[in-house]
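The two complexes that follow have chain A in common; it is paired with chain B in the first and with chain C in the second.
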Partner chain A sequence: MSEENQPQPASLERVLARKRAADTFKRVARYSAVRLVTLFLTIVVAIFLTIVIANMGGYVDEIRRGEIRENFNQQAAMNPAIRNLSVEERRQWVEERVRIEEERQGLNKPFMVRTIAYMSNALTLNLGRSMHLTSDSGSRTVRLILLERLPSTLVLFGTANILLFFFDLYVALYLSRRYGSFLDKLVITLAPLNSAPGWFYGIFLILIFAAILKILPFGGMVDTPPPSEPLRYALSMMKHMILPMLALALSSVFLAVYSQRTFFLIYSSEDYVEMAKAKGLTSRDIERRYILRPTLPTIITNFALGLITVWTGAPIFETIFQWPGLGRQLFEAIGLYDIPIIVGETVIFSYLLAITVFLLDFIYALVDPRVKVGGQGGAPS
Partner chain B sequence: MSQLRKSFRELLRYPSAVAGLVIVLALVAVSIYALIAIPYDEAVRLWRGGEDVWYMNPQNVPPEWINIFRRNDLPASFLLDSRSEENEDGTVVKEVNAVSEEMTEVKITFSFDYSYEDYPQELLLYLNGSYTEKKPYVAITVITPDGRELRVTEMSIDEADTYRFSQDQRLQRRLRGLSPMVGIFSVPNTDPPVPLQGTYQVVLTGFTFEEGSDFDARLVMHGKVAGWAGTDHRRRDLSVALLWGTPLALAFGLLAAIGTTVTTMVIAAIGVWFGGWVDELIQRITEVNLVLPFLPILIMIGTFYSKSIWLMLGATIALSIFGGSIKSYRAIFLQIKESPYIEAARAYGAGNFRIIVMYLVPRIVPLLIPTLVTLIPSYVFLEASLAVLGLGDPVLPTWGKIINDAQANGALYMGQYYWVLEPAVLLMITGLAFALLGFAMDRIFNPRLRGV
Partner chain C sequence: MSANREKLLRVEDLVLHFRTTVGTVQAVDGINFDLDYNRAVVILGESGCGKSSLAKAILRLLPRNVGAYSGKVYLGGSDVMALSDEEFRQNVRWVGISMVPQAAMNSLNPVIRVGDQVAEPAMIHMGVKKEEAMKLARQMFEHVGVPEDFLVRYPFELSGGMRQRAAIAMALVTAPNLIILDEPTSALDLLTQANIFNVLKRIKKELGTSFILITHDIATSSELADEVAVMYAGQIVETGEAKDFFPAPLHPYAQMLMASVPRLRADQDPEFITGQPPSLINLPPSCRFAPRCPKRRDRCEQDPPIIEKDGRKVKCWLYA
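Then we have the complex of A and B:
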């Protein structure tokens, strides 16, 4: 610490600096606390609404009640020991068991109490057991069911998102350099293609490559039967991933490149960029330091939000390509009124989203010195 | 007003915008035609109809214009009716000769040209007899172009009878095991069978045994092409759904786009104008809305409550009112709020409502129009997406439902490409038209993008 020996004015400065640091810390801490509380409340409200909708305001519980009664009535009819009892005794036997089972599942409590119980379980990530769906290994634990489908969704959408992200960025930078070229105009012309969703291009791609040319599979994740060697398995999976990834790319790439390129162009007409050019910096340096840097927050936001949406998967996309992912599972769960799975997926999505939104504020401050965490309106100071 | 006209004139300078506009106008024209030509009840009846409505159509066949691209034409479908004077695809002659007081001989001759290198899907006779006690009796024969006379069958006729050539086992045996369509329409003793071209006649010679008793017949040939749109697995003519899908897609897209953007904008304006807890509340609701999973909730509503297209529209709008775009509108309104003319309005004593509706909102309309237009395709596709998941409106024919039917019946796998391509191309054209228009508008109304 060479500063120790410095004269008085420097020491004052150090005190001020320390005070500033303490202020910053206090500000950040307070901001973080407020932000965390509001985000948590947001999640609570969102999960509550999801549960009420998923339960159709209690209607699904009525269905479950009916199922329990039906189940015991059938047991009574099948079991010779009970079948021979008198009608009254048999009815009592069924009533007794229905009562116990409803109590076990918490169905005897009022609707609000039930909903709040569901909610507190969901919020503590105590996802419980599914009602109908099972995992391939036969488990009814929601956590296992979700975890089983996660890798396939992650492989497809994760890979596609990451590849597309860097591809978009690279091409956008390239085009902003060659603004007005044929390729640039082509991308602008093709940008409206993004109005159609991925599954839509999927249909066309399946038609061309699977139905007519017969060179790629119609759908699914691996060949049937799945190859036993890991390498062949991976190759087979890659073959099945070509069309979905192409479909995702077609539906997003042109608009993404177009908007990022426009963004870069707007930033490259800033005065400080002109200044850098005048200084004679290479275009690579200018891009890295003066164009990419200020646009980084937006780019990171897009990337982070894109990664989270991976979690929800894409029910339609996965249906078209018969991809065994989370989106398709969610769709199946809804079809079977399987509330625990619907709520489970929603809860995890909300948490991921909230965490990302929370972290993004700090990332902004890290990458852009003009942004202050918890500063008023984030205006450059 | 003149501002709008100027913008419009500027819009016409963009070729892509003109193309988009022309397509949109064409789609609107098709919608109007569809609504007039097929009234709502009729469309629903046709689309939900089964064998009774669509008996004259073959199953899963491509449209007729596909023959233009083929060297050998596929046989077309047609209907010949002995009760009708006008039969376009052949002639029907009905002769009635009294044999005795009670007995009458009725002879119906259907003749039609057959000049295809392929065989039809099915030949059917729909027979309607009128009698009180004794049923008319009829013998059916086919006279081939080379003059052979094939005995088909003999039968008595109920009030409504159907005879399917392909399903008659005895006829098949008589044709030496060939399937009836191949047996009837082939040059004799060829292997592999070669279709025989020329004029065929189906002759019904029948007797009625009562005074006033009579019978009529309709000959239906299910070819391998039908109509200008083809048919699906339930023999329905796809043209009904393609035509009616247009107004439905446009209505859904437009209403959803207007509903979401306008409400979002008004709410943003209210939040900015009143500030304080109203603004705070609106922002919190927006954050909750961000966490709510949009598509799963729509799927839940469709599965649990109702699949009605209008309910879906309502839910879509309701879930998008507090959408993410509220933030960008808010930023713009915050700027506008400080403008001198708002202060002037306040000075002359304008009320809150008046300021929001008359002064705040109109300022943002130019920005709103491009957003609105570019949003339309995403809602058109949203409706199609829901339909592909099997959540399409149960009653109304939409493009998405055709794709869903095709998907469910493995159309791509079976090579029935027309089934998927027709609705898909229409969706694509609609989406592109609005997107082209919207992109051009965006450049005109957002001067910042001009020249970039």
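Then we have the complex of A and C:
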């Protein structure tokens, strides 16, 4: 009897395990779906607001209609064939063309309809054509204009953020070991430098290193004319990146190190860190397994959010340094009321932010066993 | 065995002071005691009398604001205070002395599996491979009565009692001669407390381990204790065999401490010690208990010497 029963618990176990796996899958799937929907709604709201604001509540559309009419009036005045028509005929010719053009651009529809049409185009990454700005190759396709500017922004801010991130982490750990030392106090004293933005320091750095000392370029990304050899090109680019990166570092590094060092100090006074010390672990192991490992979720968040800011570039910063990136493009687009460009940049940024937030949830669950995606949370006992 | 062989632990004039903005805290102020193999000493005292600081001073777990740290700690005859930090880490921590911390809830790393944390000291100090260390951890779990499958769980998945047992297993894994237990049961309910003390008693009998048990819980500690040391304001005021001490403590503070324990069988109300324990900053040159002592006399204005009486030591003028 007992021999017959023996296989049963094993198969029961297997059934239970399969059921548990199915439950986990269902839980994660439901959580992901809900999360995706809420994030998408966030994007919709962000883009809707951007469109309404960028359009100044429809005022920019009025400007565009005025421009179209002005354009055809001028054409009528310049064209000898039409110039000689009667006033009434000429007016009809203009009205006809204005009507066709407004219809083509959708400007004859009510404000809400127009806005929602813009929005659905934007959401499907159908970014349309710019109004004034063109890419270097002369294209007016917003996607091409943005893609052309993206690499230079990525190079500058990506390099700066990644370097600063690891530098901050390393120095913060070092200072948390030497709490109260001269260097520690110096960093704390300099932390308020963070209150001014990077471009503010940029102005002074350009003044000192470019105007007075004449050792570094005023701005731009490469020498003019651009060197043809790839190595020379890279070196020239690096030379142009020194001042912007220095400005970014000045405005962020001290506060970042200060706050992370305080964070590590708090975590290194946890009981389990003292316990690790009592267990005779080397300070390297303590730092790696007992300070960095439990704080990994926070460190990853810092890094991810830092990366998001990389994508946007920084409008004023890039303008000060004449850096041909997305930020400066946005700055120019705002000056020219070039709505498609403004909206296009916002759309890309919103999507990237949403994807990062979505991924962070899952990364948390991977690095911290206490976090369970979609669960009720808390200990089972 | 020869009569004059070395004791397991001898502490001489151990001092640990902390610097604070309001003055120097004399948390451990000239402590002398010794402990033999396979013995358990209970260190009794109120909160804030320096008991936990004593444990930290023995294991050299110093905070950043250390003012003074001196004295001698002999472990098996050799002075470990003379070792460099690195030598101390390699030869004393968890090799000679391990510790069970006060709050086991927070003393386990939340993101590392319990088994890995228990096995960790074996890998560091015994040079064994991971599988070997995990085997040891499994044995220790068996010793302290934690189910084996808890090895792969995370600390937050364990109950308080299980975590405390895991912490004891962690202290045992390198088979040290001495384990310091810093209020090991203060956060647990009475039944769990009793269980933990049963585990400790069995370990002492089976493995021959010595214990320094730091507690203010007189009732439960009396089950495990061979010797008692009473601490007051950073100093030891009385030491003696447990069987002599519990029925008749000598020092007035120890007497009042014992009288404050509620008794189940005797129809006697617990008494209270009036006044506050002294702040450990700017201590007077008098006997430190004098301001609260009911038996105070003029002589108590001077610091009393340690007086031997029937093989017991007491720091009080009453017995001079």
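What we mean here is this: the second predicted complex is superposed on the first by the 356 of 381 C-alpha atoms of A that agree within 3 Å, B and C clash if a C-alpha of one lies under 4 Å from a C-alpha of the other, contacts with A are read in each partner's own complex, and residues count from 1 in each chain.
Keep this in mind: a residue touches a chain if its C-beta (ideal position, glycine included) is under 8 Å from a C-beta of that chain, and two chains touch if they have at least 3 such contacts.
Remember, predicted model here, so these are calculated numbers, not experimental data.
> Following the overlay on chain A, give me a clash-or-fit verdict for chain B and chain C.
fit
> For A:150, using the defined touch cut-off, is the partner it touches chain B, chain C, both, or neither? Pick first, second, both or neither.
In the superposition, A:150 contacts neither chain B nor chain C.
> Return first, second, both or neither, reflecting whether A:191 touches chain B, chain C, both chains, or no partner chain.
Touch partner of A:191: chain B, not chain C.
> Is A:369 touching anything from chain B or chain C once the two structures are fitted on A? First, second, both or neither.
second
> Based on the superposed arrangement, let me know which partner A:304 touches: chain B (first), chain C (second), both, or neither?
neither
> In the overlay, answer first, second, both or neither for which of chain B and chain C A:355 touches.
A:355 sits against neither chain B nor chain C.
> I'd like to know which partner A:42 touches here: chain B for first, chain C for second, both or neither.
A:42 sits against chain B, while chain C stays out of touch.
> Comparing chain B against chain C, which has contacts with more of the residues in chain A?
More residues of chain A are touched by B.
> Just to be sure I read the superposition right, which of the two partners does A:241 touch: chain B = first, chain C = second, or both, or neither?
neither
> Contacts for A:266 in the overlay, against chain B (first) and chain C (second): which applies, first, second, both or neither?
In the superposed model, A:266 contacts chain B only, not chain C.
> In whole Å, what is the nearest CA distance you get between chain B and chain C after the fit?
The answer is 10 Å, the least C-alpha separation in the overlay.
> Would you mind listing the overlap between the chain B footprint and the chain C footprint on chain A?
179
> Which bits of chain A are touching chain C when the two form their complex?
179-180, 270-272, 274-282, 285, 289-290, 293-294, 296, 367-370, 379-381
> So in the complex, the part of chain B that touches chain A is made up of which residues?
My answer: residues 16, 284, 287-288, 290-293, 295-297, 299-301, 303-305, 374, 377-378, 381, 384-385, 388-389, 403, 407, 412-413, 415, 417, 420-421, 424, 427-428, 431-432, 434-436, 438-439, 448-449, 452.
> Which bits of chain A are touching chain B when the two form their complex?
My answer: residues 38-39, 41-43, 45-46, 49-50, 53-54, 56, 59-60, 179, 189, 191-197, 199-200, 203-204, 206-207, 210-212, 218, 262, 265-266, 312, 315-316, 319-320, 330-331, 334-335, 337, 342, 345-346, 349-350, 353-354.
> Help me check something: in the complex, which residues belonging to chain C touch chain A?
For this pair, the touching residues of chain C are 59, 61, 64, 89-90, 92-95, 98-99, 101-103, 106-112, 120-121, 124-125, 154, 156-159, 170.
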